Each structure stands twice: as C-alpha cells, then as structure tokens.
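Shared chain: chain A. Partners: chain B in the first complex, chain C in the second.
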Partner chain A sequence: MSDTSKSHGLHLGLICVLALAYFVLPAYHSGNLASVMVIAIYAMGYNLLFGYTGLLSLGHALFFSAGLYGLGLMMHLADWTPLPAFAAGLIAALVVSAVIGFLILRTTGVAFMIVTLMFAQAGYLTILYFGKYTRGDEGFALQQASRQIAGYDLTDPGVRYYCALVLFSVTLLGLAYIIRAPFGRTLVAIRENEERARMLGYNVTAIKLKAVIVSGVVSGASGATYALLFGYAGATFATVQYSIFPLLWVLVGGAGTTVGPFVGALFMFYLIDYASGKTEAYLLVVGVTLVLVTLFLPHGIVGTIRTRFLRWLP
Partner chain B sequence: MILTTRGLTKAYAGVKANTDVDFDLPAGQTRAIIGPNGAGKSTFVGMICGRIPATRGTVTFDGQDVTTLPAHKRIERGMAYTFQITSVFPGLPVRENVALAARRGLGRNKAAVRNKTDEVLSRLNISDRADQMAGDLSYGHQRILEIGMGLAQEPRLFILDEPTQGLAESEVEDFNTLIKTLDAETTILLIEHNMNVVMEVAEYITVLDQGMVLANGTPQEIRANAAVQEAYLGSGHA
Partner chain C sequence: MSKLIKPTPTLTRRTLLGTAAAAAATPLLGRYAQAQSSEPIRIGFQVHRTGIGASYGRWYDRTTTAAVKRINDMGGINGRPVEIVAEDDGTDPKRGAEVVEKFATQHNCDIGFGTLFSHVVYGSAPRAGELKLPYFVVSEGHHVASGALNRWTMQPAITDVKSQVQAMAPFVADNLGKKVTMIYPDFAFGHDHRDYFSEAIEKQGGEVVAKIAIPPSETSFTKYFPKIPRDTEVIYHVMIGPAVLTFVKEMGEFFGPSKPEIFGFLDSLEAVDINSPGLEFLEGTYFWEGHPRYAQADQSSHDKMYREAVGVDENGASVSDPKDVATYSHMFGCWETLNIVKRGMEAADYKSTADRSKLIEAIEEMSDMPLSDDHPQGAKRFNGKTHQTFGHQYISKVDSGKLVLAHTSSIEDTLYEDEVDYTTQSF
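For the complex of A and B:
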C-alpha cells in the first residue's frame, strides 16, 4: 500500500470512528467530542501556517473571532439564517486575514509573533469598543429558534455532533489535499529553507500570504461553527488566551501532521476536564503535563509516532 | 549577450563591495569569476540574480532590463543560482528537493516533473539516494544535490557560487566532467577558488579585485597577466 493510500485510510478511518463514536459514547462525552471537533478545525487552520509554513502566529484569535462575530452579528442583529450568516463569517475571516496578512508578512521571526499579537489585541479592543453591538465580554446568545438548517435543529445534540463532524471532515480532507498538492509542498519548502525556495523562483511572500488567508479562513470557519452550534459569541474568544490555545493543541498533537491538531485538542480538552474535576489547581496539572510532553515528546504525540514508528504519517 | 551589467555598484554604509562593474557574458559561454577573498564576487552575482539590491547600475538579462525585478522573477526568466554555503531542504527527501526545483517551470504537469526529476537524479548518479532526507546526505552529495536543483530548472544562465568548496578531489573531477557536459546546454557563470577547476572548465575568465574588474581573458591570457598574478595568484604561481 502506498503512503498516499495509507494517509487516505488514516483520515477516512478517523472520520468513521468519530461517526460511530456518537452511538457508543455517553451523552456527556459525545457532547465534548462535538466541541473538540470544532476546536480541532481551529487547530488545523493554525497548523497550516505554523506546522507546514513555519510561521508562528500569536494572533489567530483574531481570525477565529472574525468568523465567530461574522456569523454571530449577522444572525443576532440582522436576523440572517445560518447558511448566509456562515458565509458572512467566512468572508469576514477572509477579509481580515488578507488585510492583516498583507501587513504582518513585512516582518519575520520574533517581530512576526509580536505584530500578530498586537493586531489580535487591537481586534479584541475593537470588539469591546463596539460593545453596543457585540455586548463586549458579556457577549450574546443566539436564539435556538434561529439555529435551524433545513428543518434540522442545531441545538439537538445529535444534529450538532454530525454537523461538527461534517465540517471537521471537510477541513481534514481539504487540508490533507492541499498539503499533498504542489502548493502545500511549496509551503513545506518555505518552512525548510525560505531563501532556497525564493531562489528556485517561488514568490515566497505571495505564497505565505495565501497560507495566512487559508489558515485564517479555516480558523474563521471554526469560530463561525462554534457560534452556530453552541449559540454564543463573546469577546473572551478574541483574547490572547484563544491565540495561545491552537499553538498548544498543535504542539502537543504534532506540528506539521494532519491529525496532530485533533489529537492535541482532544488531549488538552480531557486533560483540563479531568484535572479541573480533581483539584482547583488544575492549571498546575495542565502546566506540568505540558512540560512533560514537551520534554519527552518534542515533536508532539503524532509527530513522535511518525519519527519513531510510522514514517508515512501525513 | 545573455547577460550585461553596466556600472553595477554596491555600497554597504559607504564601503563599496563593487564599483562600476561592466560585464558582458555571451550566450553559451562558461565564464569563471575569480579574485581574492573580499573582491566582491559573491556580491556581484548576488546583484545579478537579485538576492542583493544594487546601489546603482543596471543588469540586462536576455535583452531585458531586470535591475528592478525581485529575485524570483529573474529566476522565472531563466536564471538558476546555487549558494556558496550549501542550501537544500534538509527535512525533505532528495527527490522532493529536485521536484520543487522542476515544478517551478513545469507547473502542475506531474508526469513532466517526475520525468525531469528522474532524469536529473540519474544524471548526477544519486538515484539510489532519492528517498533519503537531504539533510542526511554527506556534504559532497548535498552540493551535488544543489547543482541538481539548478539543472532541474533548465536555466539559460546557471550561476554557481564556489560549487567545489569542500569537495573531495574525486568529487571535484566529477564536477568538472559535469560542467563540461553542461557547456553545450546553457551559459554558466562560476565563482571558483580552485584554480584547477577554473583552468579546466572556463572558456573565459573575469578577475575581480577590490570590487572592480581587474582583467578579462582566456585562461591562458589570465595565467600570463602580470597584474593578476600580482593581485591574486601570487608570484609563486607557475
């Protein structure tokens, strides 16, 4: 079996397992898994830029919340139905990532990290400034009555689970395709040796901008999905914490692997869930675990499996 | 002329690395640029391929002024460049390194990219290493790989910055043979310290000294040039 068919097998297998898991898992865990799939979309978007292109952004909460508010505000203030509002979320993320990408790609390295952080902070403050519409930190809920697509009630746990699964699957397979395509190979080339890529005739800045946009739109799709399925939009999602989360998920799961972001998000979700049930000092447990993972699995969970055992892992 | 420079100058904070370099390279020629350390050779080819912006002067490639074009556009027009310090994609397989070079020109035609990649790998006798990570190759093989990446681009002007640096004697001989076979296919501009290589492969030599052209001539003429001997070869050179 070729490496490509093994990759397909892995991705389709994961999707099948998730599809069946709903019938097996207790309601509590299938609810959690729906959240994990949505945040894994965010992590996968982040991974395209960080894991594959080698650009470390500290401001992806901006793209996530562009999608979140793009959908949320249209449904909340303009009474749009979910599908057009979802499109609005994607367009908001597209516009924000194109404009921000154009500006931030003038910097590299540490400056890039700082500038992305600053823009995200500016985005957060903008949301607070327009508190009349966004309701700031308090946020707003989307009414159950409005969260329906073609007669399906997105607040129903089953519908929500499969809606999350569909979007997760589309993102996973879509990004896996991009990574194998010439565009994706070029991103990896830029990560490995930017100057060499440039001197092979690649317009490195334009390609990186495309990567920022794809990454931003996928992150925005996650934000829009989150608002739609869980019925809430608030400025907390635009804080720096939500820029750090995808970095952690990707680092723990395995940067530059297709399923690493999901594994990382799942691991972190249950780590926090478990630790916070045991002790009030759960962040300490989370911190120590992260230190251990970084020490003993420097390539993340999936990355280490790839390095040690399964070289074909995509 | 495939390449012409006029008045090409680079100043770093007032210190001139190159001053008014006028240079003409006819299509098909194999030209070596020699000169002592700090003569401005790398800066000069850096300005030709666009890695280093010129302070003033012009670069004309294939009849068109490319002075203001960014590097990737010059490469697109048919230049290829190999770095003085080996520069490959260490975390990617050898095959993918070459394919990335071929893909720029051949685009999405997968079969053409594969054929070109196979052709280059077998030409350089590294087909058996195609699936190794480039970073795991020996230094000599990494240099050969980088030349292969240049070949895969099918350049009309192939710029090599000290390609034999750090190679073993036998590898240098292989390199000489390779350059001679390339001679008929493309124009070659070679910065080289190894005088054996220069004398064997170059049809014509340009000597830079202190950022300026000191002499131009055939290998025999350069060997006999008193000023060149003074500046570079040393009086002991026979």
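For the complex of A and C:
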C-alpha cells in the first residue's frame, strides 16, 4: 500500500471513527467532541501557516473573530438565516486575512510575530470600540430559534455533532489535498528554505499571501461555526489568549501533520477537563504536562509517532 | 443518529410481555424511587476560580459553602441534602458553556448556579437553555432583564446594573451636584453605566458634562484628567481591575485638596482594602455598595448571622485574615439565590430533573422577599416576567477609613419598565 493510500485511509478512518463515536459515547463526551472538532478546524487553519509554511502568527484570533462576528452580527442585527450568515463569516475572514496578509508579509521572523500580535490587539480593541453593535467584551447570544437550517435544529445534540463533523471532515480532507498538491509542496519548500524557493523562481510573497488567506478563511470558518453551533459571540475570542491556543494545540499535536491539530485540541481539552475535576491547582498540572510533552515529544504527539514509528504519516 | 429516533408505541406480543415484566418489577421500582428521592440535590456551581474573576470566585465559593451548610443543617430541600458540584470556568465564556454541559450531562445536576462575569453568562446561557438546565446567575448584568437570554436563565437575588445606576441619580443630584463628569472603562460594563446614568441624571434635572472612556489596557490616567470640565460638580467613576489603585492615586495628585465631589461604584474596590496605600484620596468620597462592607451601627441581626456564617469580620474581611477583604457587595447573591432555589423547589414539590420546568414556574410566581436570614442584604421584589430581582441600594461615605452608610435607596427607585416577558416562551 502506498503512502498516499495510507494517508487517505487514516483520514477517512478518523472521520468514520468520529461518525460512529456519537453512538457509543455518553452525551457529555459526544458534546465535547463536537466542540473539539470545531476548534480543531481553527487549529488546522493555523497549522497550514505555522506547520507547513513556517510562519508563526500570534494574531490568528483576529481571523477566528472575523468569522465569528461575520456570522454573529448578520444573524443578531440583520436577522439573516444561518447559511447566508455563514457565507458572510467566510467573506469577513477572507477580507480581513487578505488585507492583514498584505501588510504583515512585509515582515519576517520575530517582527512577523509582533506585527500579527499587534493587529490582533487592534482587532480586539475595534470590537470593543464598536460596542454599540458588538456588545464589546460581554458579547451577545444567538437565539435558539434562529439557529436552524432546512428544519434542522442546530442546537439538537445530534444535529450539532454531525454538522461539526461535516465541517471538520471537509476541512481535513481539503487541507490534506492542498498539502499534497503543488501549492502545499511549495509551502513546505518555503518553510525549509525560503531563499532557495525564491531562487527557483517562485513568487514567495504571493504564495505566502495565499497561505495566509487560506489559513485565515479556515480559522474564520471555525469561528463562524462556533457562533452558529454554540450560540455566542464575544470579544474574548479576539484576545491574545485565543491566538496562543491554536499554537499550543498544534505544537502538542504535531506541527506539519494533518491530524496533529485535532489530536492536540482533543488532548488539551481533556487534560484541562480531567485535571480540573481532580484538583483546584489544575493549571499547574496542565503546565507541568505541557513541559513534559515538550521535553519528551519535541515534535508533538503525532509528529513524534511519525518520526519514530510511522514515517508515512501525513 | 439513533439518539434522535423516538420509538413509535405499537401493541405487539413483545410489548405486552414487556408490560407484564414491568408490572412484576413494580415493587423494585418503588424501592429505587425511594432511594432516588433521598439522593442529594446536586447544584452545579460555576465558579471563577481562575482568570480575571478569581478574587470574586474565592468569596462566592465561601458564601456558597456557608449557604449550603445552613440549608443542610435545616434539613435540606424537600428532605434531601444539598450537594455542590463546583467547576472552574476560568472566567471564560467558552469554558463556561462546557462547564454547563458538564453539569447537565455528566454530573446530572439539578441546576446550574453562581456565574458572575457577564461575558461568561452570555457564553453559557444558550447551552443552559438548550440543555433545559435551570441556570441562576449572580452577575448584576442587565443581560437577563434585557430579554437577551432565555426562560431557563434567572437572576433572582442580585439587582442588575441598570437599576443600580438608576437608583444613584436622585442622591447624586440632590446631595452632590448636578453637573457630572463620568469616567468609566471603555467596554460593555462601562458603557452600561454611561448610558443608564446619563438618562437617569437628566430625569433629576442634572446633566453629564463629559464622558471620559478609558481603554481597558490603560495603565496611567494622568492624560485623562485635564479633560474634566472646570464646571464639574461631581466625578462619577467606575474602574475595574488592578489599575484602579493607580487611577485613584493619580486623581489625588491631579486635584490635590480642592477636589470636586466624587462618587464611585465599589465594584472598583471589591476585595481591596479601602485603607490601601494610595487610596487616602478617597476619604470623604461616596460609593455605591450592594451590601455595606463594614458592619454599621444599626446592623441587622440577619447581616450579623450571615457575616458569622460566611466568616467575615465587622470590617468586611475574612475572620482568619484581616487582609483578605471580601467581595461583600456581590457575594450575598449566592446566599440568597440558594435560599430562593430552596423555596422554589419546595413550592414545586421538586423531586427530580424532570421537574426542572416546575422549578422555573414556581420561582416566576415569587414576588416580595422580606429582609430575613434568607435575604440578609435587604428586601427584594422579584419580577417573574423578566426573571430579574429589584432591591435596595446603599450609598456609603468614606469616613476615617471606613465606609459609613449615608443613604439607602427604596426598591421603587430601582424599578424600570419590563423589557421582556419570559413566561410567554415555551420550555
């Protein structure tokens, strides 16, 4: 069996396992899994830029929030139905990532990190500034009655789970395709040696801009999905904390692997959930665990498995 | 999606056999039901143990523990003991929603309770509504009464910011001055103060002569003070977070001894000792208090009992550590909410989670709640339509390093027109 076939098998197998998991897991865990799939979409979007292109952004919360508010404001203020509002979320993320990408790609390295952080902070303050519409830090709830598509109630546990699964699957397979396509190969080439890629004739800046846009739109899709399925939009999601989270999920799961972001998000969710149930000092437990993971699994969980055991892992 | 499929009842040989078997097992079922009825009432306590709300969370935790002990000492609720299932939400709206889900689907809690910060309430309430989990917040946000949430969410024991601010205007206009400059944080909480107070002071014949919004990331305030108009008679301030100490110190340096009247909300200084270095400038200024921090000369027996039960001394600090100042203006909400839940469950003859909607309806029926051991902060008037309570507000003056009660507003001062009728929403 070729590596490509094995990769397809892994992705489809994961989707099948998740599809079946709803039937066997208790309600609490299936609800958690829906949430994890949504944030894993965010992590996968981040991974495209960080794991495959080598650009470490500290401002992805801006793209997540663009999708979140793109959908949320249209539903909250203009009474749009979910599908057009979801499209608005994607368009908002597209526009924001294109404009921000155009500006931030003039920097590299540490400057890139700082500039992305500053833009995200500017986005956060913009949300607060327009508090009349966004309700600032408080945010707003999307009413249950409005969160329906073609008669399906998105607040129903089953509908919500499979809606999250569909979007997760589309993102996973789509990004897996992109990574194997010439565009994805070029991203890896830029990550490994940007000067060589440029010398070979690639328009590195244009390709990186495309990567920022794809990454931003996927992150925005995650934000829009969160608002739609969980009924809330607020400025907290635009804070620096929510820019650090995807970095953490990707590092723990495995940067530059297709399923690493999902594994990282799942691991982090249950680490916090389990530890907080055992001790009030759970943040200490989480911190120590992350230090240990970093020390002993420097490539992340999936990345280390790939390095040591399964070289074919995508 | 097998969980969504509901079986269609048809009379077959198998169902008849099943019915017979069920009938034979009825005595067992009865015994189980009895066992179940002695199960504790499980109250999911959504607590801010970490994050920006941690100082509040610590005292909410202590108050809740004391309230539950008192309820259990009195025989529990409907003969069942009360058990608290506490989960930290990190003062984060996403984690808040997950905690609510955990209460409903993993811990099988009867209700969720205890949330303070408004953004966590907004993030969690939709899930509570979807899971049909009665969700009692202790937040003072206007979110419940505004109609933005759902029928499963209530705020029965603490007044909201709109009524608090509105009730301050008559005192400010009559005693301090009519030309007010407002200084507030540039986010939703500050905007609520700006909007509600501006409207209320105009009704009293006063006016807001300047509105100075401070960005949330600000650490120095010197540049804002020159914006205060010279004809200002009263400065109305509400600052949140650690920067409040710098704010007060710099305001003192700016005005010196010739300061205008100053009125603030104690939210700024919850869990902060009023005698902290740098706060000397507050001497002679006025504060809103939800519940007087210092035991007053005419302290009620109810406040005395409540203070002792929670472990708060006469200066509003922990009896075991005088430096550990309580969030006294807010935490009574936990005590009173649990007593309201107790009364609601007793009125609804609450037996299991199947009776959750009966509990909501029973509380919606409530109205006046007199000053008592159940309500040590003061009398309340609950509005079942808006799911929001109304009650007395307190204004204290800083006198010799203590907050001395100067005025108590009437409940009528806090009332405003209904903005929603949750009772028209179906469960």
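Going forward, the second predicted complex is superposed on the first by the 314 of 314 C-alpha atoms of A that agree within 3 Å, B and C clash if a C-alpha of one lies under 4 Å from a C-alpha of the other, contacts with A are read in each partner's own complex, and residues count from 1 in each chain.
Quick note on the criterion: a residue touches a chain if its C-beta (ideal position, glycine included) is under 8 Å from a C-beta of that chain, and two chains touch if they have at least 3 such contacts.
Please read all numbers here as calculations on a predicted model, not as lab measurements.
Visitor: Please indicate which partner A:T155 is in contact with in the superposed arrangement: first for chain B, second for chain C, both, or neither.
Guide: The answer is second: A:T155 touches chain C but not chain B.
Visitor: For A:V204, decide between first (touching chain B), second (touching chain C), both and neither.
Guide: Touch partner of A:V204: chain B, not chain C.
Visitor: With both complexes superposed on chain A, which partner does A:P182 reach: first (chain B), second (chain C), both or neither?
Guide: first
Visitor: For A:V170 in the superposed arrangement: first (chain B), second (chain C), both or neither?
Guide: Once the two structures are laid over each other on A, A:V170 reaches no partner at all.
Visitor: Could you look at A:T236 and tell me whether it touches chain B, chain C, both or neither (first, second, both, neither)?
Guide: second
Visitor: Which partner does A:E192 reach: the first (chain B), the second (chain C), both, or neither?
Guide: first
Visitor: Contacts for A:L20 in the overlay, against chain B (first) and chain C (second): which applies, first, second, both or neither?
Guide: neither
Visitor: Hey, which residues of chain B end up touching chain A in the complex?
Guide: 49, 51, 70-73, 75-76, 81, 83, 87-92, 96, 99-101, 103-105, 107-108, 149, 153
Visitor: If we count contacts the way the header does, which residues on chain A are in touch with chain C in the complex?
Guide: For this pair, the touching residues of chain A are 22-23, 26-28, 31-32, 35, 125, 128-129, 131-132, 135-144, 155-159, 162, 226, 230-232, 234-237, 272-273, 276-277, 280, 282-283.
Visitor: List the residues on chain A that touch chain B in their complex, please.
Guide: My answer: residues 182, 185-186, 188-189, 192-193, 195-204.
Visitor: Inside the complex, what are the residues of chain C that reach chain A?
Guide: For this pair, the touching residues of chain C are 1-4, 49-50, 87-88, 92-95, 97-98, 101-102, 105-106, 118-119, 122-123, 125-127, 129-130, 141, 143, 148-150, 186-189, 191, 215-217.
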